[in-house]
Structures are given as structure tokens and as C-alpha cells.
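Consider the two complexes below, in which chain A is the common component and chain B and chain C are the respective partners.
== the complex of A and B ==
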């Protein structure tokens, strides 16, 4: 018996087992942390062991719970099935959980009810990994529910914010709408096909369109759209991500939204194979494009650090869904690459936000400033994350966005459809708005003037910085070594999404797919030329370093720093002089605040260019748009549910009109 | 060997050194011509060079509120990234980084000097810097939309049913089919591009971010000495890079056969483009306000670029 077959189910079980053990034994802090860390680490190792057979050798690993194998070609048991697509997501997930777990040790230290926190955390981890590895659609629903309920409880566990319970409640309502849609869809499928196994459904459903299956597809699709926070389902997610503890926000925003993406790809590419109909492509890309645009414009208007990040998650998810909806190999590659990148950089940014909150106790952009001098390491990590999400080369966001633009415009010129050109333009413009929004954060949190009350803040402890370093390193490495990365992780996943024969055969027995004549999706060859960022990057670093040396060696000795101790007069040589031309600072004179900072102009109250008003020139022209959108984000869950219901009705109508 | 070749490309031709010299030339020409337009005699052509060395020799003061590392690194980042962008732009038949360098890479690399300026201004801790960076960012958002539309129109024109994003291939297409500017459907896009250049370089009337008379050069407010000199140099280089991009996209069909003559012709065309879109507009207009700048780009200029894209889309 091959041992490796049991690894997927063990990876999920370890996490759930850890959750129960913590609840029983977790009174002591050391035991609790050790148990949580061990559970996540073991699960991670088990999944890493699967890289070789699944990603490198192209096998699909199947496992029947309790040995309930198919009888007479009908799957009756619950099966676990690991193909490259699922494993890529699962690895991504477990990496995020591992880092978040380490971060939690520092961030949550001293909080109350930590036993429950880690229990729920491991439940969340186990359910997410299980969601990616399962081969049963009802099991997917169960895992989604566990994720929802643990996420709700974790959000509410932030006792420092009074709005945490409210955020959790909205999250619960919103996800319930999504999962009831999914459940209804699954019921319809079961009614029609008498099986719940994904592999078997993939042989029955494609080419077997009737009203029931179409309705089922529409409902399940909507369910996953809700999970991935598409507009207009995003509002309560944003509220919840804002108030959750940062270690959880990172998971909710970076990881849990990917459940929806994975489900969407799994359902539309593999199970229903409906993605090659042009109306579905238009629906998904339109959904994604609207989401990325509204997400980023709303982010520009925010003045809470975490809320801004949450809106960016919505926007980036728009990229991912739009690219997945293109149904080209480059598009799906870009989509998956961006999904992975988003987990890395958004996780990193949320961790930075957590470090800032940990140090200062606030996430209000207007109340922060000048922290780069107190928290230089966090500032550098934040810069890497911000450059990655804005897609500046050579960071990872650029690689995936580059693929998405190429794919979208290739789709536009090959099909001659102007609509896809609009998608490309929107994606490109949204990218610069993302940059703008992070400039705002950079300015109002890390640069600018240090606030009096934050004079004494300290850098985050090492255990919080460690996950941030790892994520920063991953952001840079996946940007530079994009080729190795996409060959090992993305390429096989894309191949698995387009060719499901192995997936079906491995589950249902050799030759099963052929028996039912499953058509393979036409796939164009998996290759993309890309400029060589490695050579570029090395050269850039060399020249950059050389230029730094030249500039600093020539002016360094004569540069001087005027500390607040030095008075204005001393610069001009009329006052109490202690000017040092050798680069040292001087500390004499009365520190008159007026001249401490500026050499020019009159002292001004720190001008209107604070956090929330940095893009006045932009918002002035868009004030009607903003009035409209901010009115829609009313914060009332009744409104949000109403948008969801309207949207569901519209999508169902669209499907029935155009997809039959 | 390949590294040496790239290093040569990045440092000498067409990278840093060539770009600096051409940038100085364009900047000097700009000042000379605008003086003549205003019936002044104007500075000598080499004035930007004198200015640069004079500034570089001045004392460098770092304000106490500044984040020193970011404050000092920002100009260097701006300079180095500009030196590297030129490597991606083909000079007629000569292109250093082969076909893989494409429009999107250039589009993104061009934002880096802007980001460097923003980081510098923000790191200086000055409120003038803060207003300056906010305006710089809005300016970037303003011209990005028409710029993207122009790039896509050019790509579509050169590619037809194929996806062509490579500037080199676009140049080759022009060598066969005649320069883009000779196709009437591309003329609105060319006009739009000519209007994008001054905003990207930051000259009047689109210099709201650095408006000397109201916010003391915004992000550069606190800068002095060598870092300021490097930022000024960056502006000169940006002038050459943007006009060079225009030349490569719209007049790329010219071939003289020799890299040397190509380069000289390229610089000459850049001079003409500079006088057209930077100097003339500078001489006849007054500074806009930031909200009007945004409006201007997202309506008129975008419309021009969009007209081209739609025309090209229908095969004209």
C-alpha cells in the first residue's frame, strides 16, 4: 500500500485533531502554542511531500474514506482527490496558516481566551485545506460552512473593537446567503445526477444542459462569487476584515477569499466545463472588471489602514476572477499566479498593519505618521508589499498582472471583441490607482511627521517580524524567479484545469473518462515569453549600489542633519553656533519648534494633505460617484442582503437568457 | 560576456551616459527656444550642465523630520531606473534588450521615477512635500488612462489579429508599412501622446506637482545639493525618454543602416518633438489647477486616444 495516498486526508485530520487537543489541553500557554505549531507544521510537511508525485510527476492522488470505492461505476463514498490545482491552493493555504500561526504567538500574546482562538484557528485551517483537497461537492459545502463559522467566531474574538461583533454578524449573514445558494445548487445536482463526486459529475454534466443543471450551475457559481467577495457581495467582508485581529484578517483576506476562486475554477473549468461558452466568459470578466474598479476607487477613499487593505483585496480578487474568466491558458496562469501573489502581498500588508496596531493601538491613517523612524523594519516590509500589489517590476505583482494584461488584450485582438480591450484598459488604470492608494498609506503611516503620542513606540517583536520577512522574501523571489515558480506550481495546475481525464480516471478507474467520452477543453500551448527580470534585477542592483556609493561618498562628509536641538539661526550663522561640517549633529540652542523641521516658508499646521484627503484633486472630480458609492456602503446588513438578492436574480436571468 | 554587454547598454549606450547627454541637450534647447519665444536671449545651450555641477557641489542638508535613508535613496532610485528604461526603447533598428521588452514593461518602469519622487517628497516630512506628492499622484492617475489607450492603439495597429506588445516588432512593422504617423487613424493617438509627454515630464501647464510659485517645488522643497541635482538630472532624462518613446512608437520606420547615424537622427527627432510638445505648450499656457488637469486628461486627451483605438479596431 502506498503510504503517500494517505497524506492528503492526514494533512486535514492533523489540523482538526490539533483543534480538539488544544480545547482539552490548552490551558497552559506553552502547551497550547506547541500544539498549534505542531499541527500546522505537520500538515505542512505532509502537503510538501505531495509536491513530487502530484506537481512534478503529474499523478492524481485519490483516497476513498473508509474504503467505500465506487460500485457499478457509481461513487457512493466520500473521496479525497488531489490534483495539481487543488494542491497548489492547499500549499498556498497551509503556508499562509503557518505564517499566521507564528505571527499570532506574538500578536495575540496576553489576550484572553487564547485556547478558543487557536482551536478556531486550526478548525479554519483544516477546513480550508480540506476544501482544496476534497473530491466531493457536498464535502466542499461542509468545509465552506466550517470555514464560515470559525471565521465568524474569530472575527468576533477581537474584544478591543466594539464593532467586531457587528462585523462578524454581517459576515455570517453574507456567507450564509452564499452557502445556501451553493447548497440549493448541490441539491439540484443530486436530484439530476444521483451522485456528488466531482470526478463523476465531470463525466455527466458537460454537454448535458437542461434547466435543472443550468439552475444548479448558476446557484453554485453565485455561491462561490459570494465567497470570493465579488461586487456587490463584498461589503460585509470588508467590514469583517477591518475588525478582525490582524493575524485573522490576513487569513480571511488573503486566504479564505481564495476558496471562492478555487471553487469557481473547479466548477466552471472541470465539473461543468462551461467556461468555453462566450457568455460565461463575458459574465465572469465583467464581474471581475467591475469589482476591481469599484474596489480600488473605494479603497482610495478610506482612512482606516485595514479597511483600505480589505477594499484592495476586493479589487485584486477582481483581477483574479476576470483573468480566470478569459479561458485562455495565459489568462488562467495569470489568474492563479495572481491568486498566489495576492495571498503573499496582502498577507504581508495585513501583518504590517498588525505590527502598526500592536505598536500604536490605532489603525486610523489620520492619527498615524512618521513611523518609519521608529519601525524601520516594518516600513521596509510594507514597501515591498506595496510595490508588489501595485505591480512595480521586479516584484511578483508585476509578473501576474503582466500576464493578465497580455491575456486580456490577446483575447481582445484574437476575438475582435472591443469589450476585452475595455477590460485591459480598466485593469491597467486600476493598477495605477492601487499605487496611488498605497502612496497614501506610505505617506500617512510611515513617512510624514511623527505624532507626539507615538514618540516612544517600538518595533514589533521578532516573532512578528519573522513571518513578515518570509513573506517579503517570497514576494521578491516569486517576482524574479517567475519561470521556475510557474513551471513547478502554476503550469501543472493550469494543465489540470484544462485536462481532467487523469482526474476522472484516477478516481473512477482507468478508462472511465473515455467511456463517457469526456471532451477535453482546447488548450493553447503553455508558454509565454517574458523579459528576463533576473539579469535586469542583478544589473539594477549593481548600478544602484554603485550610484549610491558615488553619491554618498561625494556628499556624505558635508551633509549634516539638523536635529530639533539646532536652531534656525545657526544655519545662517547668526545664533548660537555649533555647526559641524563633518556630518555630525549639533545640539545647542533653544529648540524652537517653528524652525525645527522646515527651512522654508512659515510654520503651517500640518496641511490638508493628511491621510483621507491626499487625493483631493481626484476626488473633487468624482464626488458624485463617491457620494453614490458611500451611500450604498451603508453598513446595514439589510441593504447588503438586498444587493445580494438582486444580484443573484440578475445572474440567474443572465444565465437562462444566454447560456442555454 | 552577456553581462558585460548589458552593463555597457545600461551604463553607456543607450543607457545612462547617452540618456544624460541627450537629456541635457533637450533641456538646454527647451530653455533656449522658450527664451526666444518670449523675446529673451536665454541661457547658453549647456546651461543645464553648469546647473547640475553647481548644484552637485552645494551643501546637502537633511531635515530632522526626514527619514534619512529613504530621503537619500529616492533620487538614486529615480536616476538608475531612468537609465534602465532607455535600454528598453529601440533606437530605430538598434534595440539593446531584444524583443522581450514590451510596452507594458516600459509603462510600469516609467512610473518608478515618479514613485521615487513621491517617496523622496514624503520622506522629507515637509507639508509642501505632502501637497506635492498628492498632486504628483493625481497627475500620474490623470495621464495614465490616455497613455494606456495610446499604447493599446499602437499595439493593435501593428499587430492586427495578433498580440504584438513588443516595441521592436512595432518598429519592424513600421519599417515595412510606413511610420505610424503616416496612417491617418493614428494621428489622434499621436496628439494624445504629445499631450501626455509634458505631464509625465512635469512642465508647464502640467507642473502642478512642483509649482514653484505656490508650493516651492513640492516634493523637492526640502532637497538641496547633490540629491536635488540628481532629481533635476532625472527630469532632463525623462524628457529624452518620453520623446524617445514617442519617436519609437510613431516614427519608428526610419532606417539609415548605421547605429551611429540612427542615434543622431533619433536625438534630432526628439529635439523636434520636445520643441513641439514641451516648449511650445509651456510658452503659451499658464499652470492648471490639479482638478482641471485631471478633468483635461480624462476627457479631451482620453477622447483623442479612444478615437484612435476605435478607428484601429475597425481596421482603419
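== the complex of A and C ==
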């Protein structure tokens, strides 16, 4: 019994204690900020202390609440169990919370009820870290619920947007459906196994499939699919990410979605070990592929800065789940690497969006422009984030996406299944579309003409720039030192996912896993040969420069039709005129019916696709597809519930047909 | 009969989902959420039921001898159910509070009109 065993539970308790102290003492701004900063920092230090024993030495740290150790090989108490997989996610989480907390000091300054804001923020942080560290499946459910509550309240706390409350309501309903399904699954597991401890379940459940455990697996899988915003469940998440304060959007989009990813990996790799059945692999990769494609095509049609970023989150989560579903060590490495990268670059992009909103007060892409002259530092950070998410070398997105393409293609070769080749090609195409979408954002927010009303805007204050610099630095560092990074953080996590003997033994006593004959999944060695970023960097610089020349020279002549009496020099991004592909103009308010498909985002602030829209032709060719999809994103909570119910039914049927 | 419990619990969950999909009034949507929760609670508490069991409480003599003289139902699911009831109540309270705010800001609680975020 040494000191280090208490660190995981202390890391969680510090955050919850901080939440209560702020509620009591948080009237004064300095006390409040100091308490929040201290709680997050202490928790971060405690988790960093765990790196050496867990990630480097390969130990698994277990802790029984109140000393309730297993009796007669049955786990009764609640245990905390920290293996490399959980710790990697927890470290990622606490880093994101620390940066978001610092950013909040600047971004939320002068807002109302900040005491409650930081209380909820710390509860969100504590519950997320607890979710990653706990070794009890019911405790996972409780942490998920606390995350939902705090996230909903934080979303609704944005008083600047009237629609915030609507986003919060949809988010609550959607997450409640997911967590009710998870809870029903947990009840079925308890019915069958009479234990809730993950380590003990990992000895009982694998290879012991009956109808009850299959149903339980289906329900829990659905719960985590909801939490990670897979495609029919994603709509209300996008709404909530759009309307939350930017410091919270960063957490919701970058961190809270990872709860579902972690849960899926934990459940399918370690607890049920069902991932080596080919039908589950096909289910997860199909889910991921559809999600990444629909996410990115919807993002191309958006006209709200944060809504566009939220759809990109859905798309990137598709990559992560598809790669995790491949069940190869390269696939899981790519998946975890991309999960970490997604938190870094999507957090960075949301912080940049926050800086833009802080300066100009709007997130409408058509109302912004030319901000690179006024906010050069934000623009540089945004460029780094945009290049990372698009997978350009030498940034981190390139490394993880390259691993994912390679893993999917290797899977196609080894299984001889044409389906995985389709997955690979889709992933490549989606990456290109991501880049296209960010070129559009860069063009309409940071380049182009500065709007008259934004001539006096200033750069964000230093306390908001500081987290953005750190995240930009991390994006570059994890891209350049990919080998060291994946050896220290990702490798142990992948090993822990494939080989759970230590996990079980540490919790239930030595030799317990052997007693039950737990099978280990085969793990193959990683090769680091093909994705040297520098080689590709040279190629991409040339291609990107060529693409930039083509794009920026062609827009100079496109649609330059000025309506008589218009007060603008050019129609780019004005939003007042609608210019069709042939250069004809239409009055605002009297749009032709066939252009109605280009309306998007919030109805209250919608605008036409102006001349600033680079991908007008693409969207015109695809207008039937967009009409269909935007009709599905109807905004009604009933419709979103109906999609969820249909998906639940489909997944349950799939399980019963193909996994018995 | 314990089988009836399982059937009814899944019927309740299905009813809750049906309410979520069909009812336009947001208060009714929240009620659907509640019905779904009750179905799950019934499922958990049934999971711990033993035919002929009594409440899982030791009397002093049983505690001293260490051997229960009577047959208990499983205590863990009851604890889980209590937790789940508390969480369910919190969800409902929070959702209703948000519905009040929606009424204040939008002037309606019809799901077809509360959809400014879309597309």
C-alpha cells in the first residue's frame, strides 16, 4: 500500500471538492478563479505523477473504495482501476480542462453567475476523469449522467444566444435515451453475472454469449454510440456545440465525445472481447464510415462558424470509431492517436472561433471577413488547427489519418474483403473535403475584405491566446515527434486494450485471469516506416500552393455582379445578394425555390450562400442530396428521437442476426 | 410472477420511446423520459429478486453467528435502483426547468415550433 495508489481517486475528488468550495466561497472573482485553477492544476499534477508507474513501467493501479476488497472471488465494492488506456484518456481530458479553464478566465470575464459556471465546469471535469479511471460499470453510468447534467446546464448558461436553451433541451433528451439504454444493459449484465466490476466481467463474459448478454452488449453499445455522436444520434450534439459558450464547446466537442469512444473501446475490447468477431467489426466500421462522410458533407453546407466545426467533430469521430472497429493494433493506434489529435486541433479551432466571437460578436461566416489583418495571432493558430484537421504534414492529423488509411487498407488485404477498401477510399475523400471546407472558412473569416463594422476589432487578450498557443504547439509537436509520442502514450494503451491479464489480476488478485482462462487477443508489432511527415510535407506544400493559386485566382472573377444601388464594392460575403452560378442576382427575401436548399444554420440568422461560398458549384450539383439531408436535420426533438429509436432497433436486430 | 416484471419493464421502455417520438408537447416529452426511466428501474429491481426472499437486513443474532437464517433478495440492485431513481428525478427536474425557460424565450412549448437550430 503505497502513496501512489490514492492518486487516481484524489484526482477525481479534488475536482468535485473544488466544485463545492466554489459554490460556497465563489462570490469574489479572484477567489473563484484561484479555486478553479488550483483544483484543475492539482488534479493534473496527480495524474501526471501516474505516468511513470502506469505508462512506463506497465503497472495497473487499483483502489477499492472504503477497502471493500473482493470476497470469495466476487467483487462487491466499487473499485478504481487505472490502466494505460484509461490514463491516456484521463491525461488528455485533464489537459483539455486545464486549457479551457485558463481560456474561460478571459472569455467569460464580466458574465453573470460565474460561480455556477465554474462549479458546473469542475463537476464536468471530475465526472469525465472519473469515467476514465473507474473500474465499475455502474459507476461509469453515473459519471456519464453527471457529465450530461453539467454539459446541459453549461450549454443553457449561454445568455447571449436565445437558442442556447433549445440546444440544451435536445442534448438532454438525446443523452437520456442513450444512458437509459446503457442502464438497461447494465441491469441485464447484473442479472446474468451478479457483479458490476469491469475486471470480473472481463473474466465471465467473453466466450459466454447467451441472449441476455447479447442484448446487454447491444444496449450498452448503443449507449456509447449515442455518447460519441454516431450518425443518427449526432444532430442534437451539433446543436448543443453550436450554442454553448466557446470554452464549453471546446470541451463538449473535444472531450465529452471521447467518453463514448473510450466506453466503446473498453466494452468491446476488454469487457466483452467481442471485437474479434467480423460482424461487429463491420458494424463499427460501417457506422464510422457513414458518420465521417455525412458529417463532412453537412459541414460543407454550413454558414455558422461553430456549427461547421461541430459537424467536423462528428466527421472526425467517424474516423476514430471506424479505426477502432478494425481490431488491428495499427488501427487501434491510429484510432487513439486521432482521438488525442482531435481533442487538440478541435479544441484549438473552437478557441479560435471563441476569439473571433469575443472580438466581433458574431459567428456568421457571411458577416465576417478579412480578420487576419486585425487578429494575426488568432489567424496563425487557426491555420495550424485547420492544417492539422485536414491531415496536412507535418501536423498531427497527418500521422493519425495516415495510420488509419494504412490500417484500413491492410485490413482489406488480409481479409480480402472489398468493403474495407471502400472504407479506405471514403476516408481519403473525406479528408480532402475537410481541407476544402477549411479553405472556405479561412477565405470567409480571415482573408478577403474586412467588414466596415469590424474595422476597430482587436486581438484577443493574452489569457485567451495562451491556451491557443499551447494547443498549437501540441499540434505541431505530436505531429513531428510521432514516434516518441506513440511509444510513450499510445503503445501501452493499445497493449492494455489487447491484453487484459494485468488489468484483471491487479483488481481481483494474482492468477485470477489464468484461473478463468481469459483469452488474449493477438497483437502484432507496429511498423513506423511509411509515414515520415517530412517527405510528404514537401509534396503537400507544392500541391497546396498550386491549389491556393487556382482557388484564389478563380474567385477573383466569379460572380462579380453588382446590383445597382448596392452599397458594397463586391458581393463577396455580403449576404444581401444571392448570386447564382451564371452571375445573375436575386433579391433577398424573394429567393427562387431551388436555392432554398442553401439556407442552413440557425433560422433566426440564416443567410444566402453569397459569392464568398467557394464551393457553390459542388453544392449545386449535390443539391438533391443536401435537400434530403437538411430535411432530415429538421430540428424537431421528436424526429431526432425517432432516428435514435430506429437505430436502436437496427443495432439490436443486427446483433441477434449476426453475432449469436 | 417475475416474468411479468421483465415484460412490463420493456413495455414501459417502449412506451417511453413512443411518447418521445410522437408527442409534440415538450412537457409530455419529459414525461416520456420519466416513463422510460421507470421501466429501467423496474428491470433493475427485478434483477435482484429471489423467490421467497426477505429484505437484506441482518438481525443481531444472525450478525453474531455470521450465518443468515433467512433467505435474502440481492441488496445491490436495490441500491442501484435508488441511485437510478435519484438520477431520473434530477433529469426530469432539469428538463422541466429548461421547458419553462423555452416557454419564456420562445413563447411556445410545441416541438414543431421550437426548432430554430436546424439544417
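Note that in this section the second predicted complex is superposed on the first by the 574 of 660 C-alpha atoms of A that agree within 3 Å, B and C clash if a C-alpha of one lies under 4 Å from a C-alpha of the other, contacts with A are read in each partner's own complex, and residues count from 1 in each chain.
In the analysis below, a residue touches a chain if its C-beta (ideal position, glycine included) is under 8 Å from a C-beta of that chain, and two chains touch if they have at least 3 such contacts.
Here the structure is a predicted model, which means the values were calculated and not measured.
In the superposed model, A:543 makes contact with chain B only, not with chain C. When the two structures are aligned on the shared chain, A:6 is found in touch with neither chain B nor chain C.
Contacts of A:435 after superposition: chain B is touched, whereas chain C is not reached.
Residue by residue along chain A, chain B and chain C are tallied for touches, and B comes out ahead. Of the two partner chains, neither chain B nor chain C is touched by A:109.
Legend: residue contacts after superposition of the two complexes on their common chain; A:421 is shown touching chain B, with no touch to chain C. In the superposition on chain A, A:483 makes contact with neither chain B nor chain C. Using the contact criterion defined above for the overlaid structures, shared-chain residue A:617 touches chain B, although it does not reach chain C. Residue overlap on chain A between its contacts with chain B in one complex and with chain C in the other: 599-601, 604, 606. Those residues of chain C that touch chain A in the shared complex are 13, 16-17, 20-24, 26, 29, 33, 36-37, 39-40, 43-44, 47-48, 74, 76-77, 80, 83-84, 87, 90-91, 94-95, 98-99, 101-102, 105-106, 111-112, 114-119.
Against chain C, the residues of chain A that register as touching in their complex are 76, 138, 142, 145, 149, 152-153, 156, 162-163, 165-170, 172-173, 176-177, 180, 183-184, 186-188, 190-191, 194, 196, 239, 242-243, 301, 599-604, 606, 630, 633-638, 641-642, 645, 648.
Contact residues of chain A toward chain B in the complex are 370, 372-373, 376, 379, 391-393, 398, 402, 405-406, 409-410, 413-414, 416, 418, 421, 424-425, 428-429, 432-433, 435-436, 439-440, 442-443, 446-450, 529-532, 535-536, 538-540, 542-544, 547-548, 551-552, 554-555, 558-564, 566, 571, 596-601, 604, 606-609, 614-618, 620-621. Of all the residues in chain B, the ones that touch chain A in their complex are 2-3, 6-7, 10-11, 16, 56, 59-65, 67-70, 72-73, 75-77, 79-81, 83-84, 88, 97, 99-102, 104-105, 107-109, 111-112, 115, 118-119, 122-123, 125-128, 130-131, 133-135, 137-138, 140-141, 144-145, 148-149, 152, 155-156, 159-163, 165, 208, 216, 221-222, 225-227, 230, 289-291, 293-295, 298, 309-310, 313.
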